[in-house]
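Both of the next two complexes hold subunit A, though its partner changes from subunit B to subunit C.
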Partner chain A sequence: MKRVKALMMLMFLVTFLSGCWDIKDIDKRVLPLVIGISKVNNEDYKVTVQIPITKKDGEISRIVTSIDENVSSALGQIKTNSENAVDYSHVRLVIIQSDLSDNKEELKQLVTFLMTSREFPTNAQLAFTDVPIEELLSNINDKLGVDSTSLYDFFNKGAGWAPEILSTRIWEVYRSMFSYTEDITIPIVDPGKDTVINYKGAVALKLGELTQRIDPNETQLIKLFQNKNAKGKIENVGFASVMVTSSAIENKTLIESNKPVVSINVKLKIHVLEREAGISNERIKKDLEKLIEERFNKMFEKAQENKTDIFGFGQYFRNQIPYDDLKKWREGYYPDLKVDFQVHTSME
Partner chain B sequence: MENLVKEIQNMFSDHADFFMEKEIKDSTPIYLMGFNTLIDLTKSKLYVRQIAGTSASVQELFINLSDQLEIDSEQIIHALLKGKLVIVSEKDERNAIVDPISRNLTRSIAEPLSESPLLSSVDAFGEDIDTNIGLIRKRLNTERLYHGSFEIGEFESRKLSMLYIKGKAPDALIGEIKRQINQIDTDIDTVEDLNKYFGERRFSIVSHVFQTELPNEATHFLKKNRVVLFLDNYPFALVFPQTLMDMFNVSSDRNYPTVIAYVIRTLRAIGAIVNVLLPALYVSVVSVNPEALKIDLALFVSESRQGIPFPALVETITMVVLVDLTLEAIVRLPKSVGPTITMVGGIILGQAMVEAKLVSPLLVIVITAIVISGSVVSGIQNSLYIRLLRYPILILASIFGLLGMFIGFLFILVYLASLKSNGIPYTTFHINRKGDAK
Partner chain C sequence: MIQKLQIGFIFIIMYVSLNHLFYPDLILQLTNYGHWGVVFCQGLLQLFLIWIYIKGLSYFPQQDVIDICLKIGKPIAFILLIPFVISLTVLVTINNRLHTDVIISIFLPRTPSWPVLVLLFFITTYIALTGLGTILRASFFIFFMVIPLLLMITFTSFINIDWYNAAPIRPPSINFLIEKNFFYLMGYSAFLPLGFMVYKTALTFRSIFLAWMCVMFFSLSSVYIPLLIFGQESAISLTFSMVRAIYTVDVDWFFLNKQSMFLGLSLIGFTVILNAVLLWVIGRIMQKLLRWIKVEISYWIIAFSVVAFLGALMVPSLAWTERIFFWSVGAQVFFMIIIPLTIYIYGFIIKRRTAFYEEG
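Presenting the complex of A and B:
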């Protein structure tokens, strides 16, 4: 009987003491969606936070800025000054302004902070911008009929809608800072004139250092190498425009006299959207193949010059190069890498 | 024998419905005794007189009327209380217990009240134990159907019948149940009284027996190697042992095509899980782990909770308790008042509370879902215990969020898996046939 009483007492206490004092309900939290980080006067960090505000008729958002010596204290300041509890667990996008991203050490430090702070989800996306961040964020409120989640929606259009848009997550960037064999590309965005965001391509990041810019057209190829489908991409071949309906990629790798060789077969299924009169299918196919091959070669040449392995070719050789030599991949092997890139297209 | 008549008269002197009628046969006075609340006196007298007319002597009359002659007084009293007619002759000290024409005190076979089967026969068990067993015999006309009858109780003797199919129900189980029934030394008023004798399960929320009102179901259970018990004056068959699957499987499902039957059963299982987890999921997602929501959903939930003064746990517990109160009230109320409560309750719970901004519209959806899903399982006692299970999970969820919810669910599964009835686990899928076919 004593035990029963104790048990009942315990249940009573648990029921009435739990859940009410140290847990904040969702309506008592503000959920920042986008965080922008930039530098002021080359010294202090400026953190800009976009917070969606829920209202019956549509969502609008609020932009909160704070400046402090480092990012965490600036975020802390926002927490202190906010009227509700700030919950960073819904942050989906971190935008870094280029004056900060150009500095290798600071960028590394920042990514490490984002990765280890535990307050942020590490699968938030990372993007760079050249314009002041407030301008980008306030652009959401200026555009009519755009809701507060649009900045995040931009990167998640779903399969087949805009296959050239890269999405890079914080943990992927963090991983690439330690990887011997793979470098990462990070998308660049601008405020658009009529839309919220303009896609400006990407930058390659080699161990935290920016090495080259990549055109929006070229980012598609990187996604292809990440085994993401290129479905929906529209290519213009001059006298015709075609849409890629499906894509597949095949690699063969070998090391010939200590030099890595990759042969790549890209298979595209295309669908002709429009063409000038009298242009045969064969010609379209040939021209498209040539266009993509040239595009790749140009891009690869540049990447090789910069010793930035944006396609992650090093990954293919991890089992063929001794482990101790892997760290020499960028300097020793990559400049000698031979890539035989071939595109095969077929009509639907 | 004057003594016997006197003795009986004295014993029942304060029973107003006790009668003692004097009749003369062959100039021998005989007494007819009984309770006129149990015996149709006029018809019984007519019956005795008719037999008397064809009998030559008093002795022959007694033999014609009954095979129970010359009984001692104790048994006569027992027989009287059971509604028999006792005849005692004044002179030659003879007595007999006669099966009279009884008053009809049982309702006829009617439709089930606690279940509403579709595509199934719609007769239901009644109060009379013999009728109930008759309903089973009619469906299961095999010589392998065993029917054992017990009289149990301390003050009253209540009939308990045990049915199984020889060679189907496991021998060990039968022996164990018989032993347990023979141990009964108190009155069995309720199923829970009986449950006690089937093993230690004092604070268990799951009964050893599954109750069904439908003869079809009971027959099906017999064929599935179970034992079926009947209590006199209790219009349900008690199927021993109860298993978890009884909640989801109803034999009349098989009157649908197999695929549909399985879909229905899956739906019942989903219903049970939803009923247990949904309020906890709401609380944990709204107050502890909002990061589990997608952002659009998070903003929607956040908006729907704007201006609500209670924390999510209080809000949810209030609503869940209110709904359980409504359900309980509907059971208690007479049929004429029930709909009023339903309507008023519906308006208060659904509309007024939302408009007054006491609870969020999302919670009302959650509550509606659990009310509906709680009723899909078979057996009213099962739906009650499922309703009970969601409270501990709800409290765990309010403290530990999604983790607490799943830990709670895991513990419930562990608890259910630990239950046994006479060695047969509650979570078993089917009861093995270990009986020897005779």
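Presenting the complex of A and C:
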């Protein structure tokens, strides 16, 4: 009796464990890599999806557009109209057009949707663009011999990746929209004339509101503060150009009569690529230090004016300011923040 | 010795299975900073109850909770254990449902929940039917398969963390002790079923204490991973923040860059064992209490498993699961306090009485 029962149980398991429910085989699926979102007539959302076609050496992609009241239904529409199963779980990049990103509430809603949607990977990257999305996406197909995954490759860290390019993920944007002490920067891209993409720097986002634009040159500093290595960045000091081979950052914080003070020490190891005749190492070092310090001070001044904590200084003070006061960080403490920023360079 | 080890493993499995879903969310809602204080307070309270439980059970060697309750008196046993069976059934229901939802969100976004439920139902019932010995042995394997996965998830999530998010680290005032949510936290307990296994081997406080330390590690990591990744302010806005936190990890160099898969797999392994144990406890209670009906334990297990399955099927949404969960947790807390205390006090009285007789 017991054996019969066990056998029956096993039979059920065989039926249900075979693992095929509503599965479409991999060759019947399309995996969009890039999704662009914009608005039409200030009302409906327009979703553009770039789908690489795997059959032809991976060089061609298809662009599919759909317009609907909200993003999820537009995404659903693409699914319905596609002859293959559309699987959004491999999206690596979401590009938002500036007419949508300028609206604080809509942007917040969109990021929340991307974050909480079941089908969407939250570690996809986010970027903004000023030009119509189709133009950006179709730019890939127009360029001869460019791979259909190039948009994603552009942001992907790997060999030959430019260090000043920021990569911001959906969950990081979501986090910053709630955080009391940290703001975030999102990269901006345009279609390039000769290349697929043109990196235009970044934009600072404060609780879903865009506050300032940041130069491509300056975004490097933000990466440094996010504790990512500044390795590979080429700086032009005028009479010489150097490459940063490694970087480290140290900070000390204190609160003086209710005003926060941070002192930052950046240590850079550099390698001189080319120089004019007769320029000493000391001079190059000094000029580079001055250049980066000035760049930082300019950036910080602007950020302080906008009350946007793009460097995330507030994070350093989380343990020193009572939790309930952290809410006032952007308005109360940040404008009074003093930063002593010093760069020390050494030659390799 | 192996038996003791197995009981330790099953203790860890049952706790961790429950802990990764609601536990971090509850802790994050309970306090804005110093989360470790709350985790430890909750853990110590549980440890205290476990101590009472083991002390109480040690008065009755080779007897489990059902025997002891029957010894106190049949009415008491019925009043105490039948509601307990009901609350366990509800727990199995919620477990099935919750883990189904999580599995679907990780692996199968387009599959309806019932096929997953059916699968969970068959596997757990089958394991429960095989009896305690098999469950304990299976727990051994599951433990060694899943714990490395969980450790890997914990360590790879370090990629995204920001230590500043844990601050302020100073624990808050102990006001949280009287909050309703803290009371709910207490309900995350898996030590009660241990009292039904003791007819095979005696529980020792030392082995349970070691297991408890492991559980504390996993509890802390399940709270701190979402906290360090998202920060307090955004972590409280997410449901299943632990699962969400694992989603963010992107390990490009690894052959599977989806860490959430591993979490899903480990949760399935754990929940199957947890449910099997609960069903087995239910079956044993029913068989022993209603001895005159003369039904084999397997029929009770199947019957209650079907009830739990139908229940899980009828829960309309995740919001409802949450609501039912909180109701059932209230009942769990009640039994967690009442059953160890009853056994302890009764054992104490019996011991006093026999000592008195021996003297006289």
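Just so we're on the same page, the second predicted complex is superposed on the first by the 324 of 348 C-alpha atoms of A that agree within 3 Å, B and C clash if a C-alpha of one lies under 4 Å from a C-alpha of the other, contacts with A are read in each partner's own complex, and residues count from 1 in each chain.
Here, contacts are C-beta pairs under 8 Å (C-beta built on N, C-alpha and C of every residue); 3 or more make two chains touch, one makes a residue touch a chain.
Since the structure is predicted, the reported quantities are computational estimates derived from the model, not experimental observations.
Measured by the number of subunit A residues touched, the leading partner among subunit B and subunit C is C. In the superposition on chain A, A:Tyr174 makes contact with subunit C only, not with subunit B.
By the touch criterion defined above, A:Arg118 reaches subunit C but does not reach subunit B. Judged by the touch definition given at the top, the superposed model places A:Val14 against subunit B, while subunit C stays out of reach. Using the contact criterion defined above for the overlaid structures, shared-chain residue A:Ser89 touches subunit B and also reaches subunit C.
In the superposition on chain A, A:Leu75 makes contact with neither subunit B nor subunit C. In the overlay built on the shared chain, the residue A:Ile188 is in contact with neither subunit B nor subunit C.
Once the two complexes are overlaid on the shared chain, A:Leu107 sits clear of subunit B and of subunit C alike. In the superposition on chain A, A:Pro52 makes contact with subunit B only, not with subunit C.
Legend: residue contacts after superposition of the two complexes on their common chain; A:Leu31 is shown touching subunit B, with no touch to subunit C.
Looking at subunit A, you'll find residues 89, 121 touch subunit B in one structure and subunit C in the other. Residue ranges on subunit B touching subunit A, taken from their complex, read 283, 285-288, 290-291, 293, 295-296, 298-303, 305-308, 311-314, 317, 395, 398-399. Those residues of subunit C whose C-beta lies close enough to touch subunit A in the complex are 32-33, 104-105, 108-111, 115, 118-119, 122-123, 125-126, 129, 162, 164-165, 167-169, 229-231, 233-234, 237-238, 244, 247-250, 252, 298. Within the complex formed with subunit B, the residues of subunit A that make contact are 14-15, 18-20, 23-27, 29, 31, 33, 52, 54-56, 59, 87, 89-90, 92, 121, 148-149, 152. The residues of subunit A lying in touch with subunit C in their complex are 5-6, 9, 12-13, 16-17, 21-22, 89, 115-116, 118-119, 121-123, 156, 169, 171, 174-175, 177-180, 182, 315-316, 318-319, 322-323.
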